[in-house]
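The two complexes that follow have chain A in common; it is paired with chain B in the first and with chain C in the second.
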Partner chain A sequence: MAELEEPRAWIRVTPNAEPLFVELGGQLDIASLPTIEADLDGLLRRDPARVVIDMHDVHFMDSSAVAMLIRLANHFGDVTLERVNPMVRRIVEVLGLSDHLSIGRGSA
Partner chain B sequence: MWEASRAGSAHAAPPMKRWLLRPLTLGIVCASLILTVALTWVVRVANQHTNHRLLDQQVQQAAAALSAALPATQSHLLDAAQVAIATKADPQVFQRFMAPQLAADKTIASVSLWQLNSGTPRLLATAGQPPLLVSLGRAEQFFSTVRPSKDLLVAGILPGTPRRVGYAVMPDGETAGLAVYAEQLLPPSTRVGRIPASSPFADLDFAFYLGDKPVESQLVEATTPTPIKGHTASATVPFGNTSLLLVATTNKPLAGGLSQALWWIVLAVGCALSLASGFTLEYVGRRRVAAEALAAENERLYVQQKDIAATLQHALLPELPRLGSGVEVAARYLAGSDGLDVGGDWYDVIRTDDDRCLFFVGDVSGRGLKAATTMASLRFAIRAYVVQGDPIDVVLLKIGDLLDIERDNHFATVLAGEIDFQSRRATFASAGHFMPLLVSSAGAELLAGEVAPPIGVGSANRPPTSTVQLPPDATMLAFTDGVVERKGELIDIGLDRLCSVASADDRSQPLEKALDLVLTTISPDGVDDDAVLLGLRWQN
Partner chain C sequence: MTSRSFAQTPESVPAARAYVVRSLPQLDDEVRQVAALLVSELATNALLYGESAFDIAVDYSTSDHRARVEVRNAGRGRPTMQHPASTAEHGRGLQLVAALSASWGVESAPHGGSKTVWFELAADVAPPRAS
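And then the complex of A and B:
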């Protein structure tokens, strides 16, 4: 059972960076998101002018993860997703969220 | 279904018979105790056997040492006899010769020279005390048996305080009838002290007897009360014309203390292991029974929850209206692979007048009761707005007020369509949802259209609409992401897969069957996430 429960999602926040630099990785879905919920809540308590989210290590993202990204975008106002892979980019496009979640030029 | 499974569960756990110990444990503990006792017995017997063998060896060695010590006595007497013969039995020479011998060995009480060839034995000379044999009146009887020989002739043990052992020698080839007779003192008590620990026989308790039988009157000396009890070993040593019998037992484990204690160790360890293994077996067995009961209970709860989820889900989905001749409508809902949670996918078809209907396919993000109740409230709100005559883009805008991602942590994607099924004109509006798939004789394609952000994200604008004229043999398929999404796969691959599977439909069977076929072809093993597939088909 243990291997099923290992954390599959991870988050790393570089403190004191401007813009605030956040890395997300792994498989972001309804099962794994609760494992990084505390870190996400901590992130939502910050108040930076700009946020850059590095998404290059995200292998999978379900609608719960999209909801999380929307909340981050709504909270900070200026959020850029960088190094987004085609899979994630298409999810954002299909959901009609291209205007909500700006995808940086460093993406595939 | 849920009541039925509850009623069924009453029989799921039959009352268990409670044993103090389970029979299997009892059997194994008994078997291993029996094995322990058997092993202990074998070890004990083997140890005993070893002790007996070692005792035999020690007694043989003791006998060998004893027989090596005896010739000394014999040679002194033979020397004395030779001196007597050489000096024509001169008593003074004999006494002078014997004096140092008597001084050297205090146990020799009396040595005497005898003339035996003149009928009655005649005492010629005595050194030391007078022979006890004479005062006992046994001289004549004994000397009548004395003949020339290499060996000592033993008179036996003579009673007295202390007792003496008497023996005589007449050298081989002696013709003058001269014999030397000696009496040696035995220890005052037959019991002597312990043998020094340094002696090779320190571990033995033994007794010497004159002759070859352990007769008390012939006991020479012993280190322990006689007769010796317990297991004994014996050996005889030639002594003159008779023999000495050595009877011995051990006063110590000859094979060593460990060997002696081994059977106790085997017994104790065996018993401890038997009990420990019994305890472990019992513990593991009981844990297993408990685990099995728990697994059965979990299985029951799992089935029950699955039943509840399926029942609730289907209760939340609507009956589809009839749309009249020439148009079929059908929908399929598939629960996600675990089937444990209710999902947030839904569909609805509302006939607004004779030749017009609205359809909605939606997906609330996330899963579970929260997603399902959000889905239900959206579906009922949509019906309410439709009843009051709102067009689809207005409906999508209005339900945006019901969901707030900040508050509810959910958003929803919805595709809305308004279809005049007589003229086949269709208008679509999408809030974050896939546009529908159009299948016709020309092939299958995803309809183009601008997609607005999902419901709940906070968009204040009406979603854009797009209108298409459908061909006479059109089949329109609206779907949720469960139909096309695979983990780790680009969404376009799933869309292409749906297109190719849907275009393979030959329209030979009812729409419901065609939808089933599409779903089973795409996902033979069921879908990861829950999935909705809604179809409208025109019969030319």
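And then the complex of A and C:
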């Protein structure tokens, strides 16, 4: 069954980058996000800094992922989403979150 | 109309998306992505706030080119739309359903105990894009 083979969520943090560089990928929903919870908690223990999140490999996300991105933005203060697909852009814009989660120039 | 039952587990959320996408081959890719997003929201709500497994029914009307998706479960609570501050983490699922569907609503069974949340999408006319 194809639905059982859907890629899970993944996260990669590049240490010592300035701004802090985070890559997210997979299908981000309530089923997959708990699998990256420990990495997210680790990220949230870092001091507030400018953060760039590369969303290039995010193939799907829903409001569960929005909650996670807002948590990161609340902690770090300055979060830019780069290389978002048109659907992610639409979600951020329709929810009126563009001020809190800026969408970078490298996005579709 | 086709329908399928889903267990009240997190894995049912991606499974519900896959089911709806498969059941609506008539939609173009952009509208199908919206259908996947909105059913993901309703399935997540059924998982978090329902009291049972949930059923998803999918229908496509060839006369008016509309897709209809229904999520039904036991549970008396009525979903209410919230207007979270931009720093609030939760409460945006129904906001997405309201913003991106052609229409949506909630129906309670006459004797209570179960409710259906539904949305419809126009196949040929996507809701206006945010600029």
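In this section, the second predicted complex is superposed on the first by the 100 of 108 C-alpha atoms of A that agree within 3 Å, B and C clash if a C-alpha of one lies under 4 Å from a C-alpha of the other, contacts with A are read in each partner's own complex, and residues count from 1 in each chain.
Just so we're on the same page, a contact is a pair of C-beta atoms (placed from the backbone, for glycine too) under 8 Å apart; a residue touches a chain by one contact, two chains touch by 3 or more.
All of these numbers come straight from a predicted model, not from anything done at the bench.
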| message | Going by the contact rule set out at the top, does A:R50 touch chain B (first), chain C (second), both, or neither? | response | neither
| said: In this superposition, which partner touches a larger number of chain A residues, chain B or chain C? | reply: C
| query | Once the shared chain is lined up, is A:R12 touching chain B (first), chain C (second), both, or neither of them? | reply | neither
| said: Quick one: is A:H59 in contact with chain B, with chain C, with both, or with neither? Answer first, second, both or neither. | reply: first
| message | From the superposed pair, tell me which chain A residues show up as contacts to chain B and also as contacts to chain C. | response | 27, 30, 60, 62-64, 66-67, 70-71, 74, 87, 90-91, 94-97, 99-100
| query | Within the complex, which stretch of chain B touches chain A? | reply | 363, 365-367, 405-406, 409-411, 413, 430-432, 434, 450-454, 457-458, 481, 487-492, 529
| chain A contact footprint on chain C (complex, rising order) | 10-11, 13-15, 17-19, 33-34, 36-37, 40-41, 44, 47-48, 86-90, 92-93, 95-96, 99-100, 129-130
| said: Help me check something: in the complex, which residues belonging to chain A touch chain C? | reply: 2-3, 6, 27, 29-32, 34, 60, 62-64, 66-68, 70-71, 73-74, 87, 90-91, 93-97, 99-100
| message | For the complex, give me every residue of chain A touching chain B. | response | 27, 30, 59-60, 62-64, 66-67, 70-71, 74, 86-87, 90-91, 94-97, 99-100
